[in-house]
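Next up, some structures in structure tokens.
Two complexes come next, and they have one chain in common, subunit A, joined by subunit B in the first and subunit C in the second.
Showing the complex of A and B:
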């Protein structure tokens, strides 16, 4: 039986390995990372800084520097096989098929061009509009991201706008060509909650109305819970847990996910209830498929844990799509129950 | 609790083309000794201007800033750097990387306030004071010889805190001290700050976007909107029983509280030459009525410690 179109993932990544050549040696930044997104789905990617979230995004947009060595079992985006396709074809996906909201909008915008012109450029190039039509559409795009007085703001330079405004311009820019896939890398970090909510609602609206597939990269678990259907938790270049949002929050299966939740203020906890996660990210200069959380994990047991980690269905999971990469997940789950 | 800091009718207007931008408009509140006051509001509401005013980096247009009863608003920002009260107010800045001199070893950064604001300290005394501040901030003394780029984000945050407490200030202004940190490090820094406040008896002005953090750290919370103080109350009263419609919208936007979200429609009013008879929130306010466009509400107190500036609060 042919799978239905909706079931074919628009992003399919299996065993993605990214290594950086540095003066201190090879850094194993991503190791056997696998995830997939179906069309129209919003998936979150959460983890501390240095866990490899942004590198995953850059691998999908092929924006990694030359010092990166990228290997994968499967890597397919919007039907294009990254492993065999010519570089030019992959680059041609950017803008129209796959688009990205970068961290730190002010730095990502061109400081010496008017913001409206920057959006018009995208429309001119990717939507085939004439310069004049592109200008009008750019004003419309600014209005869509709720920038007051868009015609006047068209002429502003990034330095004349507040951080929240720059963020909205960045989003207008990323959405201008109506991309099929949006990668949003910390789109609301540093914004106040009301602006954050407005921007996330806008992304959600677009995702629904255009069946846009969204990968939301964030360190904010509560935000991921509000806006994502599913998410993956990353730690030190490994995917440690993945599944639907509800089940992960209700019954986190990986000790790291549990610690992350325990460290996040949720509005009801007192400061004394929160527990920091001990230790730091491990040295990424060593390639290891063994658990990279071992040194920070309160449940580490040498004889059980020192085996290659692989995502397996979470023990006792009612939800088959809930996967965890922890050798002790089953007995820890039994203990907790 | 006697007051350490008292702001009365503080105003800061910036001249712009076609008039004045009212960055801080007629704001009055106080911070008690040992108290932690949270300051929240969206970007552009005047939080940062208020921080600059209180730390006396800029001169207010009008109003008084009383520190231990003395009005420091009259002392020009240019000379306040040499004022005896300067050392009583210190700031921990938002970005732990940007706020450290990359060419200085961090020990030198921590010592800088001592060299600038105290007289006649010997090198040995300075070294000792720096070591004490580092220890109080949980920064291993061995790291004092490092440069900022050799430290992690959490360690740099500790350097910023050590530099701010080395003079044992009475008021510590914390401008988004943990927004650049991961949750696991944030917990450590918040616990450190909470502990330092009780140990050193400091007062905090805690500026933050993260309302969940404010709720844990602060005794009282002040909410600003477009230059105005719209609500001020003890933390639990504010979170449990917000009176101002803007506060309610703000609280409803906290991630993880998906139900009952109040979405603000309409555009914010301009902070340039605002009509003094119109409520600043009018136009975006879900409960706004004609009356709000005829007279701007004043801060009124339903309970002695719970004020809100809304006709319908």
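Showing the complex of A and C:
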């Protein structure tokens, strides 16, 4: 039977390795990272700062600096095979097929260009509109992200807008050309909680109405739980766990995910109940242990854990898509039960 | 805008006063006795004293200063000992010569430095970057008067391509009717292309010598400013949104990079006015620089003071122009700043 279109992943990444050439030598930033997104779904990518989330996203848009060496087993976005496609074809996806919103919207906008003109630039480029039509469409785009008095706001500069407004403009900008895929890189960091909810609702609403595939990158597990169908957990350049939101929350299989959950406020527990994760991400300039969480893991056992980490179906998972990369996942699961 | 300009002009009054005090004190402190100079080589002490009384130099220094200020406020910069003419007339007659030379030098320097700096920033570490750095360092390392002499030696003395370096026009041409005071422009306005060609030929070598002096700072700053902007987050956004390389470089990067450049260009222009003093000597250029040098050599107080005051006024106007340009380019600069 032919797979239905919806079942074919729109993003397919297998064994993505990214290394940065630095003065201190090669930094193995991503190691055998695999994930995939189906059309229309919202997937979270969760992990501490420095775990490689943004690097994964940048690899999808080919925005990594020249010092990055990118290798992959499979890398396919919207039907385009990154491994064989010419650079120009991949770059042609930007904005039109795959678009991005960034963490600090104010800095991500051109400080001396009117916000409306910036949106019009994107529309003019991708939608084949004349300058004049693009300007009208830009006002419409501002209205769609619920910016009050869009015609007047068209003429504003980023410094005249609040952080939340800037993020709305950023969303309007990213969605102007109606992309199929949206990567949201920490879209609500630095915004207050109510604005955060409003921005996330806006992204969700847009994703639903446009049937847009969304990759939400965040360090906030609670946020990912609220807005994502599925997520992958990253630690030090490894995907350590992936699966549907419900099962991961109900039965986290990786010790790191477990600790991450304990460090996430849920609104009922006191702040003092939260447990910080001990230690830091390993220094990637030095040789790392095969399991990069080993030094921080309370369950580390030298004889079992020192093996290459591979994502395997989590033990006892009802939903087969729940995967974990931990050699001790099965016996830890048995212990917990 | 008018209020802003008036406010800026008013704020220049204290610095203008400071300049007047300073020039007065410095010129009185200079060695050499102008009374003795004017009385001539056969003068007796009595005749020197007579001349001194005529010139007002026997008055208490405070009175001399008050006289000087009062005259200045009436637009009277005093009489030049050397020419016997009002200093203001002398300067105004010579100012267009200096301005024509300096502006052309600046235009040449910008025409070379801006593209060079931009290319070097867009392709850092490539041959164009190295050429940019090497050539500008060389140009900056050689003193401008030396370059002036070198160019005369090669292009006038050896090759005979350039006319003799004796001022703005060779003697068999008559100067065009004065409109702007710039011989090249006035000749064109008259439709006298032969005079235009002659005036332009006289201009080329001094303008080149002077422009080499400005090349290095302009190219270096363009490169640095452009590099800084190209690494800014909003450039990443523009790239991620798929805007064309041309739009990104010109509408996004260059416009932002030009903001600090406006200030640098202003500074370089004032350096050039200073460097003019030497170039005008080398080329026999009848500008205010050579006027000032001659005035210093014979302790022509009024002429020196007049020169410095005029330069101060030019600097203040220049800064005003820079400020206005900045408010036009950068929406963040407010008019009340």
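Everything below uses one rule, namely that the second predicted complex is superposed on the first by the 333 of 337 C-alpha atoms of A that agree within 3 Å, B and C clash if a C-alpha of one lies under 4 Å from a C-alpha of the other, contacts with A are read in each partner's own complex, and residues count from 1 in each chain.
The rule is short, and it goes like this: contacts are C-beta pairs under 8 Å (C-beta built on N, C-alpha and C of every residue); 3 or more make two chains touch, one makes a residue touch a chain.
All values reported here derive from a predicted model rather than from experimental measurement.
The superposition on subunit A brings subunit B alongside subunit C with room for both. Contacts of A:191 after superposition: subunit B is touched, whereas subunit C is not reached. Here subunit B and subunit C are compared by how many residues of subunit A each touches, and B touches more. By the document's definition of touching, of the two partners only subunit B reaches A:223; subunit C does not. Vectors from the Cα centre of subunit A to those of subunit B and subunit C enclose 70° in the overlay, to the nearest 10. In the superposition on chain A, A:110 makes contact with subunit C only, not with subunit B. Contacts of A:173 after superposition on the shared chain: subunit C is touched, whereas subunit B is not.
Touch criterion not met for A:130: it reaches neither subunit B nor subunit C.
In the superposed pair of complexes, A:67 makes contact with neither subunit B nor subunit C.
Legend: residue contacts after superposition of the two complexes on their common chain; A:22 is shown touching neither subunit B nor subunit C.
When the two complexes are laid on top of each other via chain A, the two nearest Cα atoms from subunit B and subunit C are 12 angstrom apart.
In the superposition on chain A, the residues of subunit A contacted by subunit B and by subunit C do not overlap at all.
Against subunit C, the residues of subunit A that register as touching in their complex are 61, 63, 91-96, 99-100, 102, 104, 107-113, 121-122, 125-126, 157, 159, 170, 173-174, 176-177. Subunit A makes touch with subunit B in their complex at residues 48-49, 148, 162-164, 189-198, 201, 219-223, 225-226, 259-260, 263-267, 269-271, 274-277, 280. Across the complex, subunit A is touched by residues 41-44, 152-153, 179, 182-188, 190-191, 194, 209-213, 215-217, 239, 249-250, 253-258, 261, 263-264, 267-268 of subunit B. On the side of subunit C, the complex with subunit A involves touching residues 232-234, 236-244, 247, 251-252, 255-256, 259, 329-332.
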